[in-house]
Amino acid sequence: MSGKAPEALVQSAADWWTTEIIDIHPGEIDIRGYAIQDLIGQISFPQMIWLMVRGDLPSAGEARLLEAALVASVDHGPHAPSIAIARMAATCGIGLNNAMASAINVLGDVHGGAGQDCMVLYELVRTELERGGELPAVADQVLAQFISDHGKIVPGFGHRFHPVDPRAAPLLGLVESAAKDGTVAGGYVAIGREVEAALRRRTGKSLPMNIDGATAVIFSELGFAPEMGRGLFILSRSVGILAHAWEEMRVRRRMKGPMPKDIPFTYAGPEKRKLDRPD
Amino acid sequence: MSGKAPEALVQSAADWWTTEIIDIHPGEIDIRGYAIQDLIGQISFPQMIWLMVRGDLPSAGEARLLEAALVASVDHGPHAPSIAIARMAATCGIGLNNAMASAINVLGDVHGGAGQDCMVLYELVRTELERGGELPAVADQVLAQFISDHGKIVPGFGHRFHPVDPRAAPLLGLVESAAKDGTVAGGYVAIGREVEAALRRRTGKSLPMNIDGATAVIFSELGFAPEMGRGLFILSRSVGILAHAWEEMRVRRRMKGPMPKDIPFTYAGPEKRKLDRPD
Amino acid sequence: MSGKAPEALVQSAADWWTTEIIDIHPGEIDIRGYAIQDLIGQISFPQMIWLMVRGDLPSAGEARLLEAALVASVDHGPHAPSIAIARMAATCGIGLNNAMASAINVLGDVHGGAGQDCMVLYELVRTELERGGELPAVADQVLAQFISDHGKIVPGFGHRFHPVDPRAAPLLGLVESAAKDGTVAGGYVAIGREVEAALRRRTGKSLPMNIDGATAVIFSELGFAPEMGRGLFILSRSVGILAHAWEEMRVRRRMKGPMPKDIPFTYAGPEKRKLDRPD
Amino acid sequence: MSGKAPEALVQSAADWWTTEIIDIHPGEIDIRGYAIQDLIGQISFPQMIWLMVRGDLPSAGEARLLEAALVASVDHGPHAPSIAIARMAATCGIGLNNAMASAINVLGDVHGGAGQDCMVLYELVRTELERGGELPAVADQVLAQFISDHGKIVPGFGHRFHPVDPRAAPLLGLVESAAKDGTVAGGYVAIGREVEAALRRRTGKSLPMNIDGATAVIFSELGFAPEMGRGLFILSRSVGILAHAWEEMRVRRRMKGPMPKDIPFTYAGPEKRKLDRPD
């Protein structure tokens, strides 16, 4: 082994798995310093999520905003790749945890990252405002740079299916109320609305804020990092994934593919051919 | 293609993805019949979870019990396989969704199934009681059969680490209060306590109800199927998985294995040898 | 910590990760005792698979049979759940490893377990033959018991799509040749053929051996455990999963669901309704 | 639905799953135009991998180079995150496919991407050479830019554990032989060796080509895209993942975490505290 003394190696092994989240001793579980029995029945699930991820408890108002965002994002139907995958996986003779895992796994940059990317966009605007810039000019500039860097699909705005996303206005309304009573500062609402306006100026098209843009306002107001915006979306969408996997399991179809068997797939490859020589 | 008329094939394709959970039209999202904008800010996350999975809304008291169970199960430290996997995965250059998926994937029969299996055990007792049996005799008989069928580790009781699991008593206390005010019937509390007593009679050892036994009481009281007991545990444990993956990502260690590099693994295989002949 | 001396704890940590598969020292990698540089370019990939899984090298004839089974099972088209999942996952902004993982994850009891289950069936027949029974009576009895225990879908025979599975005859032919030259004993070919005959006697229908029944013959002849029959199928099907994920990635479609957007999903849930009371 | 005629919708559904890889009709499976029964027993597993991924068959020499790369990368011991994850997952009561999936999932940019990134680096050098530059000046320039863009860990060179990676020289030797007999052009060997020299000039340290740098030479010579370099590494490492998961399953340890239970984890979070107010 290495030159370290055994005591030092043992300490190194213990420290290899260091955490600030939880302490466990026989008969005792402390989450961020709070005994678990003091939390059960005393705090809400969103408060526990916040405590686990952030390290302290949120105020009641902050927790309600987080809760609204978690409620809003649970599902968008069985044609969404994550939901379709959960449903098909559930018919392949694997556990609910496995069906859920295959689905959660695809909440990536395209399918789950829009909220995170939109938080990054809002942060770019906020940074410029801190340097003395003013909306709406800052919104125009940052948007132009963002599109130049990342392409013309701007996360958080517009929707393939909804002319107006019905989840955005209720969420923004809640943030505005929370700004009025001082729960949050409210700056990101203005940023989000101004980016929406800047997009309209730039493209001539109406691309209203969607669920990702609205949750991005909420998570930014609440002080979450952009990557955690994705983490929180995952917790929310896991509920839809669970519900759909469960529903499919009770239909008991075996080996569900994407199409009914009457509809074939299209082959576009080479014509039939023979090996030149056996290998 | 098949002999079906095109209209029938199109309907077959639409029906292939049938669900009772969600309806979506441009500008409209309905969850089990409720417009999403009527739910955001109006129901809690546990109420949404119940609605998505069960199809109707729970009472406030039912939702609080569910919430307590979700709060109680979020984490059990970085040596639990699911948590360790999430932490290691987070250092391999993959997204938060991927680290979470690798971890959620292992909440299987051994690591995540105890709550579900315990619900099955309680249900066996309840079924016998309905046929006219009485506690504690029924508890003794069902327990003996269960151990004969499944082996001597009885899910829901005892714990590798905790002489008394600190999460069980608070949860049971909440169920007992909920039984007093009529939120739930309360029969599963008696069943759970009697199984605990039966185990003590049978083994001579104290194997107190643990987190899985307690959440099994709650989920059974609330009318969830055993498999959904696992689904709900997954939603809860996903919070710990997220928090630990996130913490590891911010430490920024690359390629974290299970041991510090000072400690080697033990090789127990064949001695060094040469190929007989090149192949 | 525990009462163990530090040296014992360090050894315990080293032994926690014990393996007979590989030994690693600076500048040295030994696979089952063979230096890796002696294997590279000297053994085939199927021989390496065998060495890693079984601990010793196969004969050239054994390796060729394994290779044929691996070649045969790589793909069955984009409507198979595993392949469809790989293709959809590949459009969600995740890595090739992630798309592959979501797909491999569903090669479970229904989608990937038929070969394993068929090996179990063959083993039941072989066990009875060892006790002095004779084909075909043993095949009839074991089949009847298997159907009674597991249901009427017998793994390894018949196919939802192919009246005759084109992969079975070539594989059986190779096993028969290998039996003639003594590479394998050949007993499982007879067992497989007799189970096919027993099925025809029992059901009156022709249910010819399919890919799973044929690879089950091969893997049984080669001495693999039934669970490893699934493991080897996974290695094979991973090739199709990789190829399809890769093809979809180069089409560059974002967020591919199971249906084109012209075709809606069918909603079968409750009619629109309002909350009784805000919660 | 949309305005399309039913026949067009059905065609749209069929075309939604278009592939050039495989065609399937009752009794018939064609891989890239070749009937599957013409391939079984006639081509090697590496040849099938190439056919599935590239669309045509490789020459025997090309297949042997691919095979050597697949053989070389199968394992690097139970402390590698992917292998440790496979082993722990295997103890959680999930299937072999699930344990493998959790592990394959982490072969990401850090754990599985080095070969792919090294291919990108070689390609940058080759592009400059095509524009008229000369080794070694081009190697120095491209390396400097690469380090400036990506950081000082250069994929393909040096190793955390091996002063000299024992897998590199055998692989390079095979490529050099293949260049001599015209199987490949050989340009990437020179590029790889020159990058190694450029690193030594730049850092003053010896950072010899490792397994990723060597397989990157092979896959580049064979004309694979960098992303497919990762895909092929995944197929190879899946063998180690399978073997280790299988070995752990037969040890039958339940719920294997990263450390033996004698060694605790270190808690570094807040001191014990009480809730200010119940919520």
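Here the chain labels run A, B, C and D in written order, and each chain numbers its own residues starting at 1.
In the analysis below, a residue touches a chain if its C-beta (ideal position, glycine included) is under 8 Å from a C-beta of that chain, and two chains touch if they have at least 3 such contacts.
Computed from a predicted model, the values in this text were never measured in an experiment.
Touching chain C and chain D at once are the following chains: A, B. Taking the mean of the C-alpha atoms as each chain's centre, chain B and chain C sit 28 Å apart. Mean C-alpha positions place chain B and chain D at a centre distance of 34 Å.
Taking the mean of the C-alpha atoms as each chain's centre, chain A and chain B sit 21 Å apart. Annotation for chain D: residues touching 2 or more other chains are 1, 9-10, 13-17, 19-22, 24, 35, 39, 43-44, 77-79, 84, 94-95, 97-98, 101-102, 105-109, 112-113, 161, 258-259, 263-265.
If you sketch which chains touch which, every chain touches every other chain without exception. By the touch rule above, chain B contacts chain C in their complex via residues 10, 13-24, 30, 32-35, 38-39, 42-44, 47, 55, 57, 60, 63, 94-95, 97-98, 101-102, 105, 258-259, 263-275, 278-279. Interface residues of chain C, counted against chain D in their complex, comprise 1-2, 4, 9, 12-13, 15-22, 24, 26-29, 31, 35-37, 39-41, 43-46, 48-49, 52-53, 64, 67-68, 70-72, 74-79, 84, 87, 95-98, 100-102, 104-109, 112-113, 161-167, 169-171, 173-174, 227-228, 230-231, 234-235, 238-240, 242-247, 249, 258-260, 262-264. Interface residues of chain B, counted against chain D in their complex, comprise 1, 5-7, 9-10, 13-14, 77-82, 84-85, 88-89, 91-94, 98-99, 101-103, 105-113, 160-161, 254-259, 261, 265.
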